[in-house]
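The same chain A turns up in both complexes below, where it pairs with chain B and then with chain C.
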Partner chain A sequence: MHRFFLFTSIPFLLVILFAWLTESLRQQPIELIPTLSGKSEYCLTCHSDLPEISASHPMEVFGCVLCHGGERLALDADLAHASMRGGKNPSDLAVVEQSCGGSDCHSGSSQAERDHIQRVMTSIQATYTGAITNILFTFGEQSDLLPRFGALTVQDTSLPSKTGIRSLEAFNPSQHINPIIQQFAQNCLTCHISAKAREGADFHRQTGCAACHSPASQSPYNTSLDDKPKHTLSNAIPYNQCNTCHNRGNYDLRLMEFVERADQPATRLENYYQPIAQFTLCEYTLDCIDCHTAVEVMGDGDIHATQKDIQYVQCRTCHGTLAELPLTKTLLDADDRAFRLALLNPMMDLAIGDTILITENGEPLWNTRVLPGGSYELYGKATGQRLVFRPVMGSGCKQNEWEQDSQSCHTCHALER
Partner chain B sequence: MQSIPRRDFLRISNQIILSLAGLLGMGALVRFLGYQSQHTITKEFDLGSANDYPSGSRTVLADIPALLNHDTQGFAAFSLICPHLGCTVESISEGFECPCHGSQFDRTGTVSRGPATMNLRPLRVVENDAGHLILYTE
Partner chain C sequence: MAVFLSLVLLVTGILELYYYIPTPTDAALSVQTITYLVPFGGLIRNLHFWSAQLLIIVSAVHLLRVVFTGAYAAPRRFNYLIGLGLFVVLILLNFTGYILRWDQGIQWALIVGVNLVKTIPAVGNFLYRLITGADTPGAATLLRFYAWHIFGLMLPAGILIIWHVFQLRRDGGIAMPAPGMHSDTSRITRFELVRRETVAVLLLSTLLLLLAILVPAPIAPAIENITTIPGDSLAPWFFLWVQQMLKWGDPLLWGVFVPLIMLTILIIIPYGLPIPKNAELGRWLPKSNRLAQIILVVMASLVILLTLLGTRSN
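Up next is the complex of A and B:
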């Protein structure tokens, strides 16, 4: 009888020892209770090595689950990741409203300037409607150039609309039998930010907000892009992130194919633009975002027909004309939008009383300042590089006042490639 | 050396093994029952003696985080958590600034720059019978 009990209790002890040992060896969860949710999450158990995504999104305030979704208490990787939004990219346009929305975050009112998502969803970057409309018109699939289709269905619910375009239907290539339209759909729809980028390191970018704000390389001088997604959100976007879509080649409209540029750029000038034109010093010294504003890139909430309808910054925005100095604004209110933008990308110390340049639409060029001698300074948003420049007025420029597009200025100021 | 009868050896071994298993099992049970998945959030803080905060003092209580102000009207406190999204504001010469999105507040906690639209939240502070200041965050 005693022998029976002993042989029964030994396996019993072994089972308990095994369970105890297994439990002791298991990685102890690292708990985080973000201020915003007040709920425990164990994501840091495996992801404690990830850098904080940005100063505006501190981990102890946002945690991980608020943006990424997922099962906050799961310690098994598959279970924890099963309900994540957008995979590794919660800013994908399909899920951005759930991930980044909210009235205090990026889906609030335009008055509070928190309508980023609405603006981006209706922007040319997302709709790609200019290209779609032009192709449909050129190949006889529609009789005019009125925008009807976009890469995704969008509605402009805000009033008033400056463009009068209230909605776009999602472009559905299967509704067109013309093979050239099929070719277009197959080869040419990778440039909008809800689409996956083309294959290849030069094209690497994510979708949604991360297409621009998670630059693959922080260095504007680094021409090789790392194709691993970065856990970063930045307003210091170097030109080579823009170049993952722009200046990478041309569309051959006869074959409806994208032809990658074949040159081997060795300098920034060569890398910045395709070898098809000539450009001025500032165009290839600065980064795209040093001249082009947030509204031009992210939209203004209205649906625009083409890129040209929203892009309005010209050389004269900063340099003025022979007859007029560029528009300026003296910052007197601590609540001025310029200060908020400067805080998110602190390349220069902006102070009350500073006079900065503004665009004709009133957008603050917060990285500029009027200097006492009548010249201006600009700090590169991605580089921090300080550049001093002069207005056209008072110079030897002979430019006609009505010819202010960049091509006109290139006549004298461009460097031949 | 006196030999133990086989029967006794088996009995003692069995008792030892069962005791060990029982202890381990009890330990596991205690650990299981004592597990807390959510930490309790402290809402009441003993700030120590009121005498430690002389009139005219402004004390940043970083662990809460809050600011305790002692002026001629008595003790008052407000939270240093930004009402916009919950980051902890930092002291600047004009008052406080949120490092996350740049909201600013004057020395009284009144919002002076967005995106925050509300003031820093006032907190209740009372002096108990023992002369200690008790701060309530809710």
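Up next is the complex of A and C:
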């Protein structure tokens, strides 16, 4: 019996030692109490090496849980991540309101043009309604080109609506027996930002805000995209991030398939656009966001029928016409939206008293400035490169006065490929 | 063993009380605090969890032993009832403790459990209100489960354990044939008894600690919306057999009546079924109470089978 007693106490003591060792070898928790929530979270215990997502979202202020959700006190990876919003991407449109919304954040007032979530949800990027409507019309599923369906159900709650389109129903392919519509639904709905992108590094982007604002590569000259999602939010979006959706191929309407481009672009010009058109120097030197504004890309709060209805910036927006100089605005108010935008992407030192270019809708082109000699400067939003350009007025341009669209400019200024 | 497990539960439970916060917003977070942040908190919680599960198993095995050795016969009939009552209280203690996690893992069992009570005719709504403390499960429900767990059930459990042991002595120790009817009259010494119990406790402690270190107690994300029923949830393992029966239809029949009928059968065993002969007391599988043994085997097999089915189908 004594021996049995000994044989049972030794394992017991060993297990006690094991328990003590397990406890003492445990990773020390790293606590963070973000000022916005004031609640402890321990995500940094494992994620201390993660870079800060952006200068506007300092870790000490936002922490992790406010945007990502998750179990803030759990030190077990499975449990800690179990209730995260949108998996690795809290900006997915299904959860964006909880993650990024709120009146103090990105669903703020439309007057201050801070209702970004509402604008994006109703934008063409999210609804994809132009393509859906055109396909339904072309294949006889609806008798007119009035937009009725979008990739998701949306309502325009802001009044007045310039377009008069108050709502879209979610496109449901099972309501159509036409096999071509089924084929369209299967192959062609990967472009809108609530959908997962096509397979392949060239198409790699996330959904929701991160589709654009978490660029896979920060360098516009790095043509190979890293397919790992990056912990970054940026307003300096290089052209190749836009290219993850745009210019990646064509839709074959006969087979209703997406045909990926097969060429191997060697230069920036070739990479920028696929070889089907002519382009001017601006188009293959600048990044897309240097000309196209936030309203064009993210919408204006109204539901538009097609991309063409919201994309309005033309060559003349910056260069003017033979008869008119481009529109300008002198910044006199420190609260001007141009300063807010410039602060988010500080590529140039904008100051009170500067005169900048604006679009016909009054949007500030905050990365431009009128120079004393009558020319203009522009700073690349993603590259920071400075370019100086002149207005058309006073130049030797022989264009007809009534032909002032970009395509007319292309007649002379495009590079032949 | 059961007494030792109860003591472990008491000590670890008291330690958990210092950190546990019985409010819907903080309960799951405080459980996470105990599990991950308090020094040795995870170990204490795991010990509490595993002691509770082992206690149910040990009690069930004890019940089987009592029936298979005919130990419930008079004069131990009343103590058998105390033991049965204690078993029910232990299951309720386990269930209330499980609910105190107040995370997504318990949501199904809570919602289904309280709705089950509602189906009982006449008193269903009253009982539902009594348990939940409100129209829907919420802060009042959690507080009630907390009160039941650390007071309303703990106190009876403590009293019943003491009573059960005291009654055992009054009834003349564990069951054995009357004097002169058993061949081996030797008894083990007091020291030998202590030695054997110490060895048993050491072995059990080793097992408990190993389980607590290697197999963590279940934990899940905090509840976002209490009224939604998550689709893929399981009841606690000791109610899996009820969950499996609920799939067959009428919740009142399968969820309330059948378990109550089974409890009634257990109560009837020493009173309504043939009891073991004196000479066979304390002997394994006496012939004289075969019917009780068969009924218990059938019930136990059904519960085990349904539990296994319940685990597999989810």
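General remarks:
Here is the rule we use: the second predicted complex is superposed on the first by the 401 of 417 C-alpha atoms of A that agree within 3 Å, B and C clash if a C-alpha of one lies under 4 Å from a C-alpha of the other, contacts with A are read in each partner's own complex, and residues count from 1 in each chain.
Basically, a contact is a pair of C-beta atoms (placed from the backbone, for glycine too) under 8 Å apart; a residue touches a chain by one contact, two chains touch by 3 or more.
A quick note: this is a predicted structure, and the numbers were derived from the prediction, not measured.
Of the two partner chains placed by the overlay, only chain B lies in contact with A:L343; chain C stays clear of it. Looking at the shared chain after the overlay, A:S375 reaches neither chain B nor chain C.
When both complexes are overlaid on chain A, the residue A:E71 reaches chain C alone and has no touch with chain B. Measured by the number of chain A residues touched, the leading partner among chain B and chain C is B. With both structures placed on the common chain, the touch criterion links A:F18 to chain C but leaves chain B unconnected.
Contact with chain C, but none with chain B, is seen for A:A82 once the two complexes are overlaid on the shared chain. By the touch criterion defined above, A:A55 lies against chain B but remains apart from chain C after alignment on the C-alpha atoms of chain A.
In the superposed pair of complexes, A:S110 makes contact with neither chain B nor chain C. Within chain A, the residues touching chain B in one complex and chain C in the other are 5, 9, 12, 16, 19, 23, 73. Interface residues of chain C, counted against chain A in their complex, comprise 29, 32-33, 35-37, 39-40, 43, 104, 192, 195, 198-199, 202-203, 205-206, 209-210, 212-213, 216, 219-222, 224.
By the touch rule above, chain A contacts chain B in their complex via residues 2-3, 5-6, 9-10, 12-13, 16-17, 19-20, 23, 31, 33, 35-36, 38-40, 55-58, 61-62, 73, 104-105, 112-114, 334-335, 339-340, 343-344. Residues 1, 4-5, 8-9, 11-12, 15-16, 18-19, 22-23, 29, 42, 71-76, 79, 82-83 of chain A are the ones that touch chain C when the two sit in their complex.
Of all residues in chain B, those touching chain A in their complex are 7, 10-11, 13-14, 17-18, 20-21, 24-25, 27-28, 37-39, 41, 81, 84-87, 99-102, 104, 112-115, 117.
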